[in-house]
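Some structures to go through are shown next.
Next, two complexes with subunit A in common: one pairs it with subunit B, the other with subunit C.
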Partner chain A sequence: MICAAMIILGVLVYIIATVFYRGLPALNLDMITKLPGGGFYLGKEGGVLNAIVGSLYIMIGSLIISILISVPLVMFVNFYLPPKSVFAFLIRFSLDILFGIPSIVYGAFGFALMIYLGIRASLLGGILTVAMLIMPIMMRSFDEITRLLSRDLPDALLSLGATKYEMVKVILRQLMPGLVTAILLAIGRGIGDAATVLFTAGYTDNIPASLNQPAATLPLSIFFQLGSPVEEVQNRAYASAIILTVIILILSFSARYFSSKFSKNKI
Partner chain B sequence: MISTNQILINSNYNSVIEMNNAITLKKLVTNQSIKIEGLDVYIENQHILKDINLTIPEKSITCIIGPSGCGKSTFLKTLNRMHDESPEVKISGKVFVNDENIYGQHVNVIDTRKKMGLLAQRPCPLPMSIYENVAYGPRIHGIKKRKAINQTVIQYLQYVGLWDEVRDRVRTSATRLSIGQQQRLCLARGLAIEPEYILGDEATSALDPLSTKKIEELFIKLKEKYTIILVTHTLRQAKRIADHIIFMYLGKIIESGSTDEFFNNPKKQLTKEYLSGSFS
Partner chain C sequence: MRLLRAVKDKTARYIMLGIAIFTILFLIVIGVSLFFKALPIMKEKSLWILLTSANWKPFKGDYGFLPFIFSTFYVSLIAIIIALPFSILTSIYLNSYASKNVKRLFEPIVDLLSGIPPVIYGVWGTLTIVPLIANKIAPRFVAFSSGYTVLAGGIVLAVMIIPLLISIMVEVFRSIPKEMTDASLSMGATKWQTVKKVILRKSVSGIIAATVLALSRAFGETMAVLMVCGNITQIPHSIFDACYPLPALIANNYGEMLSMPSYESALMFSAFLLFIIVVLFNGLSRFTLNQIERRYQF
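Let's turn to the complex of A and B:
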């Protein structure tokens, strides 16, 4: 058991050490403030601002869509359907299957859907596909947390004469930390995924100005930089990986901070 | 440091307190009555309550006692239609509250629940401040004016003896209160919706003796205006506060009557055995 723990820790330390060892020397202010210039992928000047902004746009857009669909669905399954409902079982079962589908399949499905809808590889396509990828993760984890809620709170609210809708509004306050956890899990999966955005968001050296324009993403940016034969560019890929990690960390900490501020009255 | 906002709130409260000194609890409906006829409850085809026929005396404390699993809490939940949330529960029979069968057609469930203030076994403050906990009920029932809500909150916090303990921190989380204070807050929250009946489901079983005493004193004070129905495990508590006792066993009412008669002169053999501790 100790051996297994050491292997896990070892792998983690090795990954972080490699990323930082190769990435830190290449990391500079230009990386996060400049767009890739001409010949960036052959070692010339520039940064990955296009990918940073693209990734954030896609993440924010897909989070908005996912939250707007996940929260009502989880509340419906837990508080509107009877506890042993077949429909609720089917929803959870479907989510479990969707949870396990590889992201490249979402990418391919998103691509097919975009062709059907007549959308080009664009920010909108990326947002929709990443939303499809992260929704099952968000729903399933939020659902698990909601199921742990004791019956005391819903009963207390109903006995005060609250309607189901009024009850759900108060329960959501109580569940806010759980929702934040679910969102963080979804961000973790969505922001680092390359396969879903490969066909759907496209890639560009510019910052998208509208939903119809292609958007670059950090995972793809790392992929293209790693594919360069120039070692300096490969090191920039590691620097981009550090940026991605730091973005996830900032998002995690700020979400936790706001959640604790918002739900300071939680039980 | 006290903020300007806090000072404003406090001065607002003080004016309301002065007004409240002259106010007593709202005058309630005089004809409170609960009458139960042929009530049967099945949970997943198990017959839990069997042919219950009962009249609950008004403006008094009625304690329901009996061993665990005899259907006391199930019975209590039939009075505020909380079983509606569980599709596996089937109910037949009539429960008349103020002469209206609450299981009849066209009955508004929310109105029925509003008539019954429920105090649960474990206090469950809402995830909001002390003030908002009490204000929640009046708000969802349509009271919007800040002054009226302020008045209600202070009035009921005073009534349950919590106001002096929390007046400086009414805007802080209700979960920071001790468990005894939380239970009194839940009582204030229940009273704020101006019910006519109070239901207590082992409302003191999670509390320490001092908090239990406070809640019991409140029940005795409240019975002047409300009809109170309590489920309790503690015979001594029933003896201390009840005016009437209902003894249930395996889903049936075995015996009911005034507290004195029940404890001093039980009529049924099963009651005698229960009181002597032969089973529990």
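Let's turn to the complex of A and C:
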């Protein structure tokens, strides 16, 4: 059993080590500060700034959408509905299922929706589709944290004469670290996913200036560079993989930090 | 003043209710719209032919999904076979044997593994697993293999679903009342006997549910599998053959094939197929897990 556990630990180290070993020689400051120059895909100079900024834009947009939807929903399920209600069960159940739907299905659905609405592959399309993907993740983890909150606080607020809406506003402040954890988890999943943005966000060498323009993303940039026969370009894919891995590591550790902070401050 | 507060409260409540209903409907909307997008191809060909024909020639109008469906199941099955022993052993270890410090060490490890993006797994797979199979493993069994095989897809997928399996199984094991294991231990059973006769037996349904959940995750995994499993339309005969799972099919062809309505519809059909399988598997296993959670809540 210790062997099995050690092997799993070993695989994690192996994955990170492989990516770093292959990518570090090609990693330099140009990678993260420059757009792809002419002949970038033949091994000439340039960087993946377009993909980094594109990923960032998509994440910011989809985060705004999903926070606006998931926070009210979680509050509704936890504080407006009675604890054993069938409606709450149904909502949680459909969230569980939404959580399990593969990102490629979201991608295909998002694309079909975009055609229906007349949107081309663009920043907006990417934002909408990634929002669909990360919403269930955010809702579920935020819901789990909210459930841990003791019932005393809501009871005390209500007995002081607050309306439910006012109560929720206070509780939200208490739940802030939990929300941050949920958001970080959602970013971690959303920023690394390629299948959702494959058809919906498109790909470009420039930084998108408006919602209607296509946007590059980091995972897709890795994928496309890896498909090149030129060795320098492949090495750059590994370097981009380092960038993505580092982003994920930072997100994961800060999520952990915030959730431990949350358990310390719990009433 | 009081009226304003009441109005605010009411408005907020209705907005929230609206969002809640939207969430439940969303699932149905996805299903229905995929279904309608897939309808043209289902009208053209019978469902039976679509599912069981191995003849895939989109430009001649032949759409047989068997190679893709078979590949999907094959890769996922290999992944589960590899992942299951590791996850069960590790979860038992974490639940019954490990000290507090080890547990604390393992939590972030499992989190990290599940947080690594599929593309990175794919990069890792092409860098290490594919050459390993092509140069070391495959030559012992078959004459030639490119390394981009069912086995490579299975190994990469296994690593990807292990964190999911472990996190659910630890929860399942934790839901077993401490009194039960204590009773077994106090009767003189060793730790291993307790694990075998009490913990494992009590959590069979949970383990199955976790497996089904992991399986449905494996079905839908796109990028990592696409990068390592070769993408050749054929029914793989051994684990050293290349394969072409459904998600990879969608990812490789969708968007470019819009000029052919029947092709687009065929791809939508595969998305719909994935959706149905995943929703069914997910629904079943989530239901079982909920049941387990409720049974032991006290």
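Quick notes on this one:
As a working rule, the second predicted complex is superposed on the first by the 247 of 267 C-alpha atoms of A that agree within 3 Å, B and C clash if a C-alpha of one lies under 4 Å from a C-alpha of the other, contacts with A are read in each partner's own complex, and residues count from 1 in each chain.
Operating definition for what follows: a residue touches a chain if its C-beta (ideal position, glycine included) is under 8 Å from a C-beta of that chain, and two chains touch if they have at least 3 such contacts.
Nothing here was measured: the structure is a model prediction, and the numbers come from that model.
The superposed arrangement places subunit B and subunit C next to each other on subunit A without a clash.
In the superposition on chain A, contact of A:119 is made with neither subunit B nor subunit C.
Ranked by how many residues of subunit A each touches, subunit B and subunit C are led by C.
Aligning the two complexes via chain A yields an angle of 100° at the C-alpha centre of subunit A, spanning the centres of subunit B and subunit C, rounded to a multiple of 10. Of the two partner chains, subunit B and subunit C are each touched by A:163. Of the two partner chains, neither subunit B nor subunit C is touched by A:32. By the touch criterion defined above, A:207 reaches neither subunit B nor subunit C. Contacts of A:173 after superposition: subunit B is touched, whereas subunit C is not reached. Of the two partner chains, subunit B is the only one that A:155 touches; subunit C does not reach it.
When the two complexes are overlaid on their common chain A, residue A:56 makes contact with neither subunit B nor subunit C. Smallest inter-chain Cα distance, subunit B versus subunit C, after superposition on the shared chain: 8 Å.
Residues 163, 166 of subunit A lie at the contact with subunit B in one complex and at the contact with subunit C in the other. On the side of subunit A, the complex with subunit B involves touching residues 82-84, 150, 152-163, 166, 170, 173-174, 263-267. Those residues of subunit C that touch subunit A in the shared complex are 5-6, 8-9, 12-13, 15-17, 19-20, 22-24, 26-27, 30, 33-34, 37, 85-86, 89-90, 92-94, 97-98, 102, 106, 108-109, 111-113, 115-124, 126-128, 159, 162, 166, 213, 216-217, 219-223, 227, 247, 250-251, 254-255, 267-268, 271, 274-275, 278-279, 281-283, 286-287, 290.
Residues 1-5, 7-9, 11-12, 14-15, 18-19, 22, 69, 72-73, 75-77, 80, 87, 90-91, 93-98, 100-105, 107-109, 111-113, 121, 132, 139, 163-166, 168, 185, 188-189, 191-195, 198-199, 219, 222-223, 226, 237-238, 241, 244-245, 248-249, 251-253, 255-256 of subunit A are the ones that touch subunit C when the two sit in their complex.
Taken together, the subunit B residues at the contact with subunit A in this complex read 80, 82, 85-88, 110-111, 113-114, 116-118, 120, 122, 124-129, 132, 136-137, 140-141, 173-175, 186, 189-190, 193.
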